Amino acid sequence: MNSIEKFKHVRLKSIEICRPLEIEDYLPQPSIFVSPPKWHLGHTTWFFETFIAKNFSDYKEFNPSFAFSFNSYYESIGDRVARDQRGNQSRPTVNEVLKYRMHLDHFISSLSGSELLPFEELLELGLNHEEQHQELLLYDIQFILWNQAIQPTYSTEFKKATQLLAKPKWLKIEEGLYDIGDEGLTAFVFDNEKGKHKVYLNAFEIRSELISNGEYLDFMEDGGYENARLWTAEGWDWIRSNKITAPLYWLKNSEDRWKEFGLNGFQSLDLNSAVQNISWYEAAAFCEWAGYRLPTEFEWESSSSQFNWGKLWEYTISAYLPYPRFKTDEGAVGEYNGKFMINQMVSRGSSYATPIGHSRKTYRNFFDPSMRWQFSGIRPCKR
Amino acid sequence: MNSIEKFKHVRLKSIEICRPLEIEDYLPQPSIFVSPPKWHLGHTTWFFETFIAKNFSDYKEFNPSFAFSFNSYYESIGDRVARDQRGNQSRPTVNEVLKYRMHLDHFISSLSGSELLPFEELLELGLNHEEQHQELLLYDIQFILWNQAIQPTYSTEFKKATQLLAKPKWLKIEEGLYDIGDEGLTAFVFDNEKGKHKVYLNAFEIRSELISNGEYLDFMEDGGYENARLWTAEGWDWIRSNKITAPLYWLKNSEDRWKEFGLNGFQSLDLNSAVQNISWYEAAAFCEWAGYRLPTEFEWESSSSQFNWGKLWEYTISAYLPYPRFKTDEGAVGEYNGKFMINQMVSRGSSYATPIGHSRKTYRNFFDPSMRWQFSGIRPCKR
Amino acid sequence: MNSIEKFKHVRLKSIEICRPLEIEDYLPQPSIFVSPPKWHLGHTTWFFETFIAKNFSDYKEFNPSFAFSFNSYYESIGDRVARDQRGNQSRPTVNEVLKYRMHLDHFISSLSGSELLPFEELLELGLNHEEQHQELLLYDIQFILWNQAIQPTYSTEFKKATQLLAKPKWLKIEEGLYDIGDEGLTAFVFDNEKGKHKVYLNAFEIRSELISNGEYLDFMEDGGYENARLWTAEGWDWIRSNKITAPLYWLKNSEDRWKEFGLNGFQSLDLNSAVQNISWYEAAAFCEWAGYRLPTEFEWESSSSQFNWGKLWEYTISAYLPYPRFKTDEGAVGEYNGKFMINQMVSRGSSYATPIGHSRKTYRNFFDPSMRWQFSGIRPCKR
Amino acid sequence: MNSIEKFKHVRLKSIEICRPLEIEDYLPQPSIFVSPPKWHLGHTTWFFETFIAKNFSDYKEFNPSFAFSFNSYYESIGDRVARDQRGNQSRPTVNEVLKYRMHLDHFISSLSGSELLPFEELLELGLNHEEQHQELLLYDIQFILWNQAIQPTYSTEFKKATQLLAKPKWLKIEEGLYDIGDEGLTAFVFDNEKGKHKVYLNAFEIRSELISNGEYLDFMEDGGYENARLWTAEGWDWIRSNKITAPLYWLKNSEDRWKEFGLNGFQSLDLNSAVQNISWYEAAAFCEWAGYRLPTEFEWESSSSQFNWGKLWEYTISAYLPYPRFKTDEGAVGEYNGKFMINQMVSRGSSYATPIGHSRKTYRNFFDPSMRWQFSGIRPCKR
């Protein structure tokens, strides 16, 4: 696929993700960490418009006020709708946003190879950016539907997405120097993966399979959420003030049996699927209870070729910090990654919601330790 | 008009009010005091369904989950969507709510006179309730449109709605005993207007015309918002913490001239229209500055026949408290008025957004002193 | 007693109130509505210094920084320690504040009759102001001691202060015109009591005795705190968010019997004493449950000669609003009362903590409806 | 010094630190991160009582209620005064706390060598714990005095504590494997320093001297606090919401010159002293502006022998996370360190407020990135 074909393909995928939605579902923002689907569709378009299209004198901006509506956090670009106000924006309408997408897509698709050449890198960044939002779209859609009085089903495509098929084994990794990171010479990587460098690892053992719902239920039934000793101080405060007693989407049915809400609606809890929609705090407390620990992101990357990954993002005990020689880019795209390098924990791998082709072993995702609407799970190490 | 004709007429009016909206505009809740238009349409229907239709064994409930979605504050009726979550409910969709309305309207319209007879009072209450929501709909629509990045115009119907045509005069009212309230023997009144009783009033002087934008601008230009002496302690805290320096919908244009946003979009400020969309705190501070005072609700009612009212709700210095012999009704409708009788100030009259026929001199409206999205103005008394 | 003798007497009384305290007890501010005893001692001194002593050219200010420390809310006088920071002020020390008091007292006491003459009114205001703070001191001391891990006893002087000695009777008051307020021609009154005027009252019945702890316990045991129907909407929110289920100072002992904390420490609950330390919300809910109502402040004043009052402040259904012809004074003392006339409910009478001589039937005290650290009770009317 | 002598020495030091205080200064808690000096004195005593004295059957607890007053965060030990309520505890009085200290000190000092033997480790932990609180005491005292209307001087002992004497040089450190951590075989270390392990470091350059006030002022005058590009997203939010525009204790005098508040009161800003009382966010933004970066904690430890440290704690870019093989201890002391290992950044070294003998190159201190009342500074690396 050449770049324009890839562009069309990725752009279309975002629309397809939204297809099962009612117009009304494009709007809600039930929590500050959620963005309305309409906003995702506008914001990804704005990214291409701002960093590529506007460099062409013959590009006619679709609507200058959209820059205010669809900038996410780029301080260098200008003012924007406050993050917690995204759900209050009924305008532009869904239909206008779709027209905005077509307008931009038409312009980009009509560029010649030589016109595109200086923007190849930004185009690739834009497509990877849109793929990230495609995954966020699924997280946000699930959370929005969950917040309805009647909790509707999004799709049946995601059934058994996290089913665990093999018996867990412990994989022994040897002590030594390992290479970490990727300079992106052969394929796209984000700036936070660059700065390839060596790390020295002690020998460790990592599990071939993720933690299952069944194992997590044992933790719960053993009083895991009531035992302060298992939690970091911050995690304990968090479960207390938010009255957290189970993973985000678990509910008990009228017969006191657990069921789990997902993109495929409510299902009775499958004990043999990987536990998901837990926070880093919960992952860490589970490990403390089980006598395990989370891997570092370096342990994960160094051993990832020895297990199957890709069902869920996998928590690590590594804070999201710059690699050696990390430097923010000049210009607004420099705000892409670096400015979030504080108080976030690295997740590695990818999930069943990650677009195909958008995953690699050096990928560094990151979340606030209290977040749990994303599709994350636990792969333990021996202590 | 008989009751069923009136019923059809009032029910249709709510739909007409929403006609200029896009589907997306039915959803936002940009502040906790706003309800989404979709919610108003559902809630008014739920009121008739709950208090009338459900008493008939042959009524088939449209959707049992709607009771959870559209109960406002009736504790006796059961659980409901939390007030601050109304804007997050994309479901039921607008279309489903319209079907819900048709379902209920069809049922009520098909009732015979004798079937309706025991519910005549509740029917009238329901219609007055819906008329109240029609006015709230206009407040909420204006606030929602104001919160869009592009602030659209709702209608041109409301131009010059508050224009002041005559020169203000002071009307002298004599000391003496006056009758207050209405037992509702000849026409509908709310429970809070009953308990007809005498009050003794000192002589007073009340103005024939409301305070104009021009007079309010004088107050602003004289430093009214910076002079703590003019404000109640609570009002001063409120303008400081909310950085209030002008009426809600006033903005300065690029040439530093005031313009005002309304249902008819932005207009340059008409100095000769009545000031509106100010809080009670601001009304009281203005009066303090001008050497005036607000009337009591009893002064207002006793003198209302001597001036023209109906452009804007008119603030009074009276707290919203029960009249003699006030008693909450048995059953859930008893929650209609009485439970709000604390920390609210009475407004009297009606506004250009009040449905025709839904106003009378004994009407007691009430607002928290910090509210200003409603269409309220100032009619001063001499001190 | 001439003015200077009265001055010395009142000033000494404040010191006597604090005598049982440890130095450390002068400092805490466990809630924003509490002021540290040290602050009361400084603030009452500052009042005399600011409004009287500073008018004399030979007065030497004790310490100019104290104006910042001890101004309460007088915007016209200048900046001050933020209200919620009073408890963080270890300096000036208690000892320095006592010296400040002596310095000011010495100066005022040394003024000749003719020098004092122009300040007689302000002196009287200052003494009444200090008497108000003496009562607040007792409320605050009780609240501070209650907040200690070991809850100490302040004094044994207040035992049985609210004991009810007679059987309650209903007193019938006739319909008619009554005089309200007092112009203060023969004795001191606050500005909010002036504006003597007539009110017309319907016939009503008021009880000779306050509501007892026993009656209030019946309300609690009948599920009063769980029944939304009894509460104003605001009151219901308040008990829910603050998890209120009993009067402020009630606790159950290890044998599940109620005890009550007071200035005299913990005592087992006396069913035959008047219930106190409840909020207006609770008083109103109790009345709703019992089929009673609170009196208006006008009903209270008009009938007060027919019952014994003075044990506890008595809640009314009247909002704190200006009497006819009320006008704030010129100068900073104009901030004394008027600026609080919004969202407060009037209490009438006085309590066992009110200084002798500091009570009269026209006195208008006022509290936010959620406050309950003050010594307030319930005298019901028949509905 | 044997253990008992060391015990007496350390215990006395805490009292000496408080000697310049007025009784009142022992109480305030002007921010949740501050503990009242009285609390520090009680809490350190409680630590010895709980973990050592109570194991002896002949120890008579001084006052059982003190456990509630002086437990800090040990969930396993039981309930305690809520952290934000420490400043409201006037009781026990300072005098009672001093008696409590004497009671415990007397008991411990009277133990024989063989009785002490099983508790040697806990005794050493308790002494190191108390030394940590001695440093916190100085932070808290400075913050309390700063919050007084008159900001008093604590001592003149700390003048020029951070003066920079040498010209900064860049020290080149070679690439390679380095040993990190200390098993504590020869001297006391905290559990978080154990797990000695190898790390592989790239070559780097670290500066011989800390960043000076002069350099930091350049950053400020170049608009450092207004340039979003220099800040992490979280840091930018933090300076915006808290209106941060300078280090914590900097103020401009009446001639617009900077002065700095410290334990030695206000001094005009010494451009040649190390900048301190900045947050991690500010340290990181400064480095971004200057083209530097913070070291990792491993870089710091590996190079620390080549520069002078000990003036200020030194920020690193390392999150506070467990070393290999870290495991929380059994029993309540296991809550000492591990439960804070999330969302904190490591500081290394020690400060002029660190007790003599209480510093070593493996010491891992940690702070939330927004904290700045502690004595921390910046030692940059080349990028």
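Every chain is named by a letter (A, B, C and D) in the order it is written, and numbering of its residues begins at 1.
Basically, a residue touches a chain if its C-beta (ideal position, glycine included) is under 8 Å from a C-beta of that chain, and two chains touch if they have at least 3 such contacts.
Remember, it's a predicted structure, so these values are computed and weren't measured experimentally.
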- Give me the chains shared as neighbours by chain B and chain C. none
- Message: I'd like to verify one number: the distance from the centre of chain C to the centre of chain D, where each centre is the average of its C-alpha atoms, in whole angstrom.
- Response: 45
- For chain A and chain D, let me know how many angstrom lie between their CA-based centres, rounded off. 36
- For chain A and chain C, let me know how many angstrom lie between their CA-based centres, rounded off. 57
- Task: For chain D, jot down the residues that touch at least 2 other chains.
- Result: none
- Specify the contact topology among the chains shown, as one of line, ring, star, complete or other. ring
- Message: With touch defined as at the start, can you tell me which chain B residues reach chain C in the complex?
- Response: 73, 75-76, 177, 197-200, 202, 228-229, 231-236, 280-281, 284, 288, 293, 317-319, 321-322, 324-325, 327-328, 334-335, 338-343, 345, 369, 383
- chain B - residues contacting chain A, complex: 22-30, 38, 65, 68-69, 81, 85, 87-94, 144, 147-150, 152
